[in-house]
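Presented below is the structure to which this report refers.
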Amino acid sequence: MAMTGVLRPGHGAIRVLDLEEAVHHYRDILGMVETGRDAQGRVYLKCWDERDHNSVVLRQADRAGLDFFGFKVRDKATLDKMEADLKAYGLKTERIPAGEMLATGERVRFELPSGHLIELYAEKKAVGNGLQVTNPAPWTKASENGIAPVRLDHCLLYGPNIAEVQKIFTEVLGFYLVERVLAPDNETNAAIWMSCSHKVHDIAFVEHPEPGKLHHLSFLLDSWEEVLRASDIMSMNGVPIDIGPTRHGITRGCTIYAFDPSGNRFETFMGGYQPYPDYEPTTWTFDGLGAGGGLDYPQRKLHETFLTVVT
Amino acid sequence: MAMTGVLRPGHGAIRVLDLEEAVHHYRDILGMVETGRDAQGRVYLKCWDERDHNSVVLRQADRAGLDFFGFKVRDKATLDKMEADLKAYGLKTERIPAGEMLATGERVRFELPSGHLIELYAEKKAVGNGLQVTNPAPWTKASENGIAPVRLDHCLLYGPNIAEVQKIFTEVLGFYLVERVLAPDNETNAAIWMSCSHKVHDIAFVEHPEPGKLHHLSFLLDSWEEVLRASDIMSMNGVPIDIGPTRHGITRGCTIYAFDPSGNRFETFMGGYQPYPDYEPTTWTFDGLGAGGGLDYPQRKLHETFLTVVT
Amino acid sequence: MAMTGVLRPGHGAIRVLDLEEAVHHYRDILGMVETGRDAQGRVYLKCWDERDHNSVVLRQADRAGLDFFGFKVRDKATLDKMEADLKAYGLKTERIPAGEMLATGERVRFELPSGHLIELYAEKKAVGNGLQVTNPAPWTKASENGIAPVRLDHCLLYGPNIAEVQKIFTEVLGFYLVERVLAPDNETNAAIWMSCSHKVHDIAFVEHPEPGKLHHLSFLLDSWEEVLRASDIMSMNGVPIDIGPTRHGITRGCTIYAFDPSGNRFETFMGGYQPYPDYEPTTWTFDGLGAGGGLDYPQRKLHETFLTVVT
Amino acid sequence: MAMTGVLRPGHGAIRVLDLEEAVHHYRDILGMVETGRDAQGRVYLKCWDERDHNSVVLRQADRAGLDFFGFKVRDKATLDKMEADLKAYGLKTERIPAGEMLATGERVRFELPSGHLIELYAEKKAVGNGLQVTNPAPWTKASENGIAPVRLDHCLLYGPNIAEVQKIFTEVLGFYLVERVLAPDNETNAAIWMSCSHKVHDIAFVEHPEPGKLHHLSFLLDSWEEVLRASDIMSMNGVPIDIGPTRHGITRGCTIYAFDPSGNRFETFMGGYQPYPDYEPTTWTFDGLGAGGGLDYPQRKLHETFLTVVT
C-alpha cells in the first residue's frame, strides 16, 4: 500500500484557562465545528472539511499547553505493529481504552524524550464534512464561519533531545525529515520538520530546555487571500497576532501566528510544497532562521517571541 | 513507513506529430524545463519545482497519444515486491533496463486491461529544482517562464475494463478510490479517480471502448490566479482551450483543459482537497457528471468533447 | 474640481416577473442589502459597500428588462446645468419629483436614441456601508452574505443609433470612450464602452435593432477568487450561468454572465485597468470580438447568446 | 465633463545617492521601464501599464528625498485656469518650460506650506503600455519583470501646516478628503488622505515639523497575491522591508513599505475601496492609527518608523 502506517495528525488536546472563552475562540473566531462535550467537560471540535469527529479537544486547566497530540494510523493491525515497534525501540507505551475520548477508538500513548505525549489510534468516527456524499457542492456555509481552516495540519513542539525524537519519528514511525535548522554548532539540529505524507510537515520540533512545550497547533487555509481574511478576522475579534501575515522561508508556507485567549499559539497558513521521502531535506543555518528568511522571508528577522514564547 | 509502495506519478511519455513544435509548446508555453534529449531523439522535460530529472518525455510519431505512464516507487525492494505482486495477480511484466530512459533506473512495465502501459521504477536522477539546498528562496525565475506548473500531477486515461483496472490499482498497487462516476446503470463505474497519496488523484480512468487512449496529462498550479494567468498565456500563444477556466465538481479542482499542437489534451489546475485512504469515496451519478456539476461546476453541463476527444 | 459632472452609476430599475423570487435572487444569492419597499411595491437594494440608499430597484411586471438607469451627479447646480445642456443639444427632459423613488432627490430623465431612459440626480440619502465612520474595520458580515459585490458598476444596453448615443454621453455628459468594437464595415462602432471616471466603463452600448434592451447590469467584486466564489454560489443556487468564469479581452475584466430568475442578465466581475480621458481608446475589430478574444479571452469565441439574448 | 481639473499623479522626481544603484532598483527589482535619460543625467521610468512617457525621475544627489511631485491636468486651458486660481489664492507659481523634463510639456510649479514642490502639467508624450491598440492582449512580458506595478499611485509627504495644505488641495485643486487621522487634540488633523478621483488617495500628508519630507511613493499592484510576490522579490534582492505584507486599516489597502538603496521609502500595494466626493470622510483617532489598526490592521500597532523615518 502507498499510504500506510501513520496517516495524519488526528487530534491535539490542549489546556485552556477558561473553557467558554476558548470555545468562543475555536468555534466562533477560528471557525471550527463543535462536535461534542464529554463527561469530563472536555469540548471537541473539528475543522469544517475534516471528516472524523474531532481534531481539537479543549480541557480547562490552570495552565495552558498541550496535553497530547494524536496521529491516526491506517488500521488496527498497524496500531498493534507500531506499538510493538515502539516497545522494541525501548519506549514505554500505554493503551487508553476506546471511548475515553468521544468517538475515538483505542489509543496507544507514549512519551517522547522531549516530554510530549504522542498517541496513535486507528479509529475515529466519521461524521463527514457536511457535504453530500453524492454529487456534492465544493463547500458549505460552515466554510465561511470564522476563519474556517480546512484541517488541523500539524503542530510545532518545543522540548529537549530532539535528535532522539527525530530517530523515533523516522526510524519507528515512518516519518521523514523535510527541513531542518542547524544549531549554531552547524552540526546538530536546532529544529526539525518531519512528514508522514507529502505535506511539508506533519509534526515539527525545536530543541528547547523545558520539556513538553507547545509552540503552536497549525490549521490549513486554501489561499493567501484566506490568510488575509484570517488576519482581518483576528484583528476584528481582538485576537493578538504574533507574526504575520508573512511567508516562512522554511516550508514556503504563508502564515499568521496568533494566540488563543489562554496564550496557546496557533497558526493559520496556506501553501508550501509537496515533498516526498526520496527528497533531500532542506537545511537552514542558524543564521538562516532569522537573516536568511527561514522564519519570516520578507522581514528576514528572528522575531524574539518565536524562540521564547511557548505554553 | 507512512509513504510506502508507489510514491507518485513520475513520467508521462507522449507521442507528438512534430517534435520541435511540441518542444516549443511544453518548454516555452507550458514552461517546463528541458533536461535532455536521447539517442532516439526523445526530449525530456521536468516542471520547475520537480526534483527528478524528467516527468514528460516527447517522442515524434505519426499519431498522438500516450506511450506509457510511470510511477516512482519507494525503493528497489518495493519495485521487486510489486513486480512479484503483479505477476501473482496474473499480469505479465517486463523489465526495461536502467538507462533506456535518460537518468532513469530499471523499470517494470505492464499492460492494463484498458490497454495502457504502466511502469514502476525506483530510481531517477535527482537534479533539483534550481533552489539552493541551504537557505533557499521560495521560487526561481523558472517559476515564471510560461505557465510554469510545479509538477506533473496525474493523468486521465480512457479505455475498456476499468473495473479490472481499479482492482489492480487498489488491490495490487495500494491506491484507493477517491471519487467515481456511476454509469447510467447506477451500479458500475463509468469513471474512477484513484490516489496513492493524499492527492485527490494520482491517476484516473474513464470507461471507453477503444483501448489505450489518453484524455489528458495534468499539471499542478499553486493558485486560482495562476489558472487565470495560464489561460491568458494559452490565449496569447494560440493554444486551443477545450474547457475552462472553471471548477470541477469532481475533486473540486479549478482547471483548464487545452490541447498541445498534436491534439494531446493537457490540464493545468489548482486546488482540490486532501483525501486519505480511510475516507468514503465521493460518488457522482451519471447525470451528476453534467447537470450535477461534476465536470464543470459553474456551467453544470457535459461538454461533448469530454467524452469524445482523446488521443 | 477633479470629479465633476456625472459621478457614477447610481441606480438601475429593472422589471422582474416575480417579485419575491427576484428579491430572493438579488438579496440572498447576489447578496445585496434590502433597504426599503415603496407604495408601488418596488423593492430597493444596495450593495454592502455602497453608501447611498439604493442602487437596484425591482418592479414586478409582465416582461423583464430595464425601466431606467440613473447616474448621480455632483450637486444640484450640476443637475440644472446638465438638464440645460441636454435641452440645448435637442433632447427632451423630464423632471421627476424628489421622493418618487425612496430616499432619492429630484431626477432629470431623458430618452436616448437607443430607446433607453437615463436619469440624472444629485441627491440620494447616505445610509452608509455598515462600517463605523471612526476607526472602521475593513469589511462587515454583509460582505460575505451571498456573492456580495461591493457596488453596482455599470450596465450594457442594446439599441439602435449608438453613434448618436456616444455623442450625447461624450459631448453633453462628459464621458469619454474607453474601448469600442468596430462593425464589420470597419468604420462605425458596433459597441462602445464609456467612462465618466477612471473605471473602464460606467456605461456601454451595443448597436441593436430593437430599442431599449438590457444586456446586463454589472456588479463589482474585489478579486478573481471572489469570481470563483460567485460562480460556486450561482451553481449551488441554480442560477444559470451564461458565460464564465473567464476574462474579457475588452476591458481585461474577469467575469461571469448569468441570469436572474426573470431572464435579466447580470454580471459579477473584477479587474480591468484604470483609463483616463487622455488615453487613446482601444479598438477591437468585429472579428476581434470573437476570435480576437474581446468577449472571451481564453476561449476566443463569440458566444452566440452575447449578441442575441437581451431583455 | 466628469473627469476634469487634475486627472492623476503624473511624476515623482526623487533624489538618490547612487544613480546606477537606483536604476537597478527601480528598473530591475521594482520592475519599471526605463524610458530615457536627459542631459542633466536624470533617468526616466514608467510602470509597464502607464501610457505616458514617465512617472518616476531619478536624480543623483548627496541626500535622498523628493525634488517635486507632479499631477497631470485635463488640458492646457485647465493648466492656465489652475495657475490663475493658485495665484488668486495667494500662492506664487512658476512656469517651467516644455522639454525641461523629457517628453513633458510646460509645468506650473508652486510650493506648499508643507515645503513640498508640486507641479501641474497638461502634456506628456503618450508612449503606450506595450500592448497593441487593436485587439490587445491583457498584459505583456514587462508585467512580470520584477515587481512590476501597474502605475505610480500616490505619495505620502511629511511637513508642517497640513491644514493649509488641505485647503489648497480641496479648495483650489478640486481634491476631496477621503480619510484623516486626528491629532491627540482630537480636533486638528495629524494626517490626511485626499483624492482627485475615485481612488482612496492621490496624495496624502502627515503633519511633521521638518518641511518637504518624503514618506513614500506608492505603486499599485493588481492583487494580494502580487503583494506576496513583491515581498518575495524584495527579500530575494535584499530590499529592506519596513512594514508588511499587511493591510492598512486606513484606506483598506494591502501593502508593503520598503526602502530604495538611498533610503527613500516606497510602497507596493493593492486594494482599497472607491470613494467619491459625496462620501463622508473616514476618521481615525490618534490611537486608531496604532491600536485601532489604522496603520497595520492585523498587528494593531504603530510601527515606530512610520512617524520617524522620512527622506
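The chains carry the letters A, B, C and D, assigned in the order they are written, with residues numbered from 1 in each.
One rule holds for everything that comes next: a contact is a pair of C-beta atoms (placed from the backbone, for glycine too) under 8 Å apart; a residue touches a chain by one contact, two chains touch by 3 or more.
Predicted model only: the values in this text are computed from it and were never measured.
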- request: Return the chains common to the contact lists of subunit C and subunit D.
  value: A, B
Field: Chain pair, B-D or A-D, that carries the greater number of C-beta contacts
entry: A-D
Query: What chain is the most remote from subunit A, judged by the mean position of CA atoms in each chain?
result: C
- line: Fit subunit A to subunit B (C-alpha, same chain sequence): the rotation, rounded to steps of 5 degrees, is 180
- prompt: In angstrom, rounded to a whole number, how far apart do the mean CA points of subunit A and subunit B lie?
  reply: 31
Statement: Per the C-alpha centroid definition, the whole-Å distance linking subunit B and subunit D comes out as 48
Statement: Cα centre of subunit A to Cα centre of subunit D, whole Å, reads 43
Message: Multi-chain contacts only, two chains or more: what residues does subunit A have there?
response: 137-139, 223-225, 232, 235, 247, 293, 297
- request: Spell out the residues on subunit A that touch subunit B in their complex, using ranges where they run on.
  value: 1-8, 49, 51, 72, 74, 126, 133-139, 150-151, 173-176, 195-199, 222-224, 247, 249, 252, 271, 273-274, 276-280, 282-285, 288, 292-294, 297
Query: Where on subunit A is subunit C touching in the complex?
result: 137-139, 144, 223, 225, 232, 235-236
Statement: The subunit B residues in contact with subunit C across the complex are 224-225, 228, 231-232, 234-235, 241, 244-247, 254, 256, 293, 297-300
